[in-house]
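Here chain A shows up in two complexes: once beside chain B, once beside chain C.
Now for the complex of A and B:
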């Protein structure tokens, strides 16, 4: 299955992936008008340290701890993609505690949000991958 | 002193209706033009620092940024232009020589743009390159005078060492130091994939790139940086650099602060020491001296590699080239006055040398008149901008072209012409690790391959249009060229007729 992978060697820490992610999940038509004045909550986040930067998003694990821990049945695996049904989320945040990568997080409305490889917003290449200026984020079979 | 203030040449225009304060511009500008003011929730810019490299405008996800030429102007003067005035201010302030980079940008004629190509109509058939085989392969090196056959009448293969190129274009000399590791890797990998050659420049060859040796031309310049036995043995050909189109007659100077780590090791220059290329080779003061170096290099590599001699196009180019052809060199590379550089004194770059089109035509004519054209191949450089320029150069007599600026443009260069600052936002002309990583060679090499694949298609289209199926039939075929808007003298030097003749 194709997944999103990040190559630290080429990640520039420009944070464009975060904005492309937020826009892709917003359903808006134009990024400027959609994200103007918005405190974005992207599903991919650039972590930065001394001279190192790296975009982190859901690994779509084959045996995902977040799904195991979900007591409401909100997280499920659809064709390998770990999806979230917000209507079933009970805000217990067990998944957030269990995810070893910090890739699951609460959304503005309290329900959990996570990367769904843009399957619900558009088909094809996820927005973070398509918009990465240096080919650091790739969508491939490994 | 207030008089030293110069109004910025470019202004950053930010559309407040489109800027979402993502701060990508701020993070990506090595010149620190953009700043975010959290208390005002606004981005501001310091136009004085902007070099107009378009990194911010290209990466801005909402297209909120554009760079415009400042309308701020001096009182109009047909003699004292803005450039002349500001240069006086700069020098009155610094007392220094003005430095520039990339090729001569001034308004001199571009002869490629004053030559038109022929095509077949009615009386001679054109060829469809999509249906018929078309040959753009070329060989560089001297030709053999006589054809010999064995007892069965079969041709005895030519023994002279040659380079085989899949198309008449190579990447010109750009040193490791002037451009980044990732830029070099992109060029090396593209040369291998395309079946052509790239040139190390005078900065030596990084040990990681020895694997691309069979697609590498190594340079031996006046500083002799990074030259050792393995360097010569690894390469496909060796180029003796006498001159460079952007700065004929002068040497080079890579400041000590750029001689760090791998650059120091590759150049064989101690860390922190300036790498100075003398203006002349101190052992070459005549064609006889040049011959000695040509044969020293051939001897050192057991006569297995062609030797190039690269010179800048200057006034007596035809006589000089004739001498080089007699020195034992296999290829003469001529760099025209538009050729690029990582840093050169502005006055030299903008005022010294001659156009490559005229230099090429006069050298080819002279060598043919003297009956020695077959001894050498001619490679031309100095602003080959498109496949049409390659095509016209071949028709004027070139065997192949070198491209430097065009290759860098493919890698992302926006020709802001501030390579000398070492802060290239595109990761090309810099050694700063955070900037170098902006050029991912996996993407870079593919763009170079794309560019030359496209050019090769176009060259085949142009050949087919004039009923030629092999680039060899175009070489020196000046009847395929016609001049427009040229004087009789210019036409005579180019050896072409005027359009309509």
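Now for the complex of A and C:
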């Protein structure tokens, strides 16, 4: 299955992936008006320190602990993609306790949010990958 | 192959999913006492809070049993097992098995209390039916007395807080949530619950119930209309125990979820396995553990070997928007941080993280959980950095390439 992989050697730390993610999931029409003045909550996050930077998002694990731990049956695997049904999430955050990557997070409304490889927004390449100017984030089979 | 599963909670569902990863054809029969489609037990308090409904509480979609080729017998109670003939005796007849899983969970433990039998309106808080019955007994004036300030008692309290007039909670322990919080952390949460109008009587217990009053050991009295007992749970072990299988507080299982009875497995709240943090044999009555034990049992029942040896305490819970996460064992040296919206204790010993308690800002706590589970040597990472802020930075480039780049070193 194709997944998002990050090569930290090429990450510029520009945070564009965060904006592209937030925009892709917003349903808005153009990025500038949608994100202007908004405190974005992207599903991919850049970590920086001591001369390194890289983006972290859901690994779509084959054996996902978040799904196994979910107490409400709100997380499920659909064709390999780990998806969240926000209407079933009761904000307990057990998935946050389970995820080794810290890639599941509370959203503004309290339900958890996570990368769903843009399957719910559009088909094809995830927005973070499509917009990465240095090819540091790729969508491929490994 | 004929699989029989007793239970319909996460351990049972995990087993079905585990079996079907390996064996798409074998016949699976599920027997469960509760007459409901599989639902999320912890959500019963959220149902009363109005944050979910019976439809959304379903742990798996309506088509789950059919899609997985499971023959379901709901509202049926398993009474005993015959390990020689390999049959389960139920109140609706006998069911033969080749492999049997006991995923029967637990039941409320009610300590002997004087005058208890004469209390008219008394409830437990374990099942969907319990929750519905309790909510029907409540009016905006009702005074509720809850015995037990553990996870279930306090989740019940939160759930009914908008449906009744007053809530008093009594517990023998000196603090609330004593199974997951230390004294300081418990004080933080207790303060918040008091602000929501709850009253606590700690280090205390009921001496006698009489005429709508509970007289406590301390001499205090509490007037109440409805009583909820949430002191603790007892594992449902009798099916295996009566068949001669090894049991202590729970049904003894190895890392493959096998009991000492041939072809009989156990998982979830009724099973007692090894806690990977402490090495102790104990019941870990939590949802993630139930699912993973069940899944492991299912795979093994279907002939795919593979151990589940990563069982540990791991819990996330919140009350009125105050979130807390806990994991592992609270042993060793302590990293302590307290600030605006954060209470954090990390416990470490012998070059490994043993456990944590975090209240408030719980983001990315799973990174700590993984360190406990994987026994990550602390000498190999930037420990100071990770104590302050859980991220992947402290793990270094090489480990990160495995985590994020799918690179196998």
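Quick note on the criterion: the second predicted complex is superposed on the first by the 142 of 142 C-alpha atoms of A that agree within 3 Å, B and C clash if a C-alpha of one lies under 4 Å from a C-alpha of the other, contacts with A are read in each partner's own complex, and residues count from 1 in each chain.
Following the convention adopted for this analysis, contacts are C-beta pairs under 8 Å (C-beta built on N, C-alpha and C of every residue); 3 or more make two chains touch, one makes a residue touch a chain.
Keep in mind it's a predicted model, so treat the numbers as computed, not measured.
Asker: Sticking to the clash and touch definitions up top, decide whether chain B and chain C on chain A clash or fit.
Answerer: fit
Asker: For A:59, decide between first (touching chain B), second (touching chain C), both and neither.
Answerer: second
Asker: For A:47, select first, second, both or neither according to whether it touches chain B, chain C, the two together, or no partner.
Answerer: second
Asker: Applying the document's definition of touching, compare chain B and chain C: which contacts more of chain A?
Answerer: For chain A, the partner with the higher number of touched residues is C.
Asker: With both complexes superposed on chain A, which partner does A:80 reach: first (chain B), second (chain C), both or neither?
Answerer: Neither partner.
Asker: Output check: A:105 vs chain B and chain C. Expected answer is one of first, second, both, neither. What do you get?
Answerer: Touch partner of A:105: chain C, not chain B.
Asker: After the two structures are laid over each other on chain A, how near do the C-alpha atoms of chain B and chain C get, in Å?
Answerer: Nearest C-alpha atoms of the two chains are 16 Å apart.
Asker: Write out the stretch or stretches of chain C touching chain A in their complex.
Answerer: 10, 14, 40, 42-43, 46, 51-52, 56-60, 287-288, 291-292, 295, 314-318, 323, 325, 327, 362-367, 369-370, 385, 390-393, 397, 400-401, 403-406
Asker: Can you name the residues of chain A that touch chain C in the complex?
Answerer: 3, 5-8, 47, 49-50, 52, 54, 56, 59, 65, 68-69, 71-73, 87-88, 90-102, 104-106, 142
Asker: With touch defined as at the start, can you tell me which chain A residues reach chain B in the complex?
Answerer: Touch list, chain A to chain B: 9-10, 12-16, 18-20, 23, 31-32, 35-38, 51, 131, 133-136.
Asker: Mind listing the chain B positions that touch chain A in their complex?
Answerer: Residues 17-20, 22-24, 27-28, 58-59, 61-64, 434, 437-438, 440, 442-443 of chain B touch chain A in their complex.
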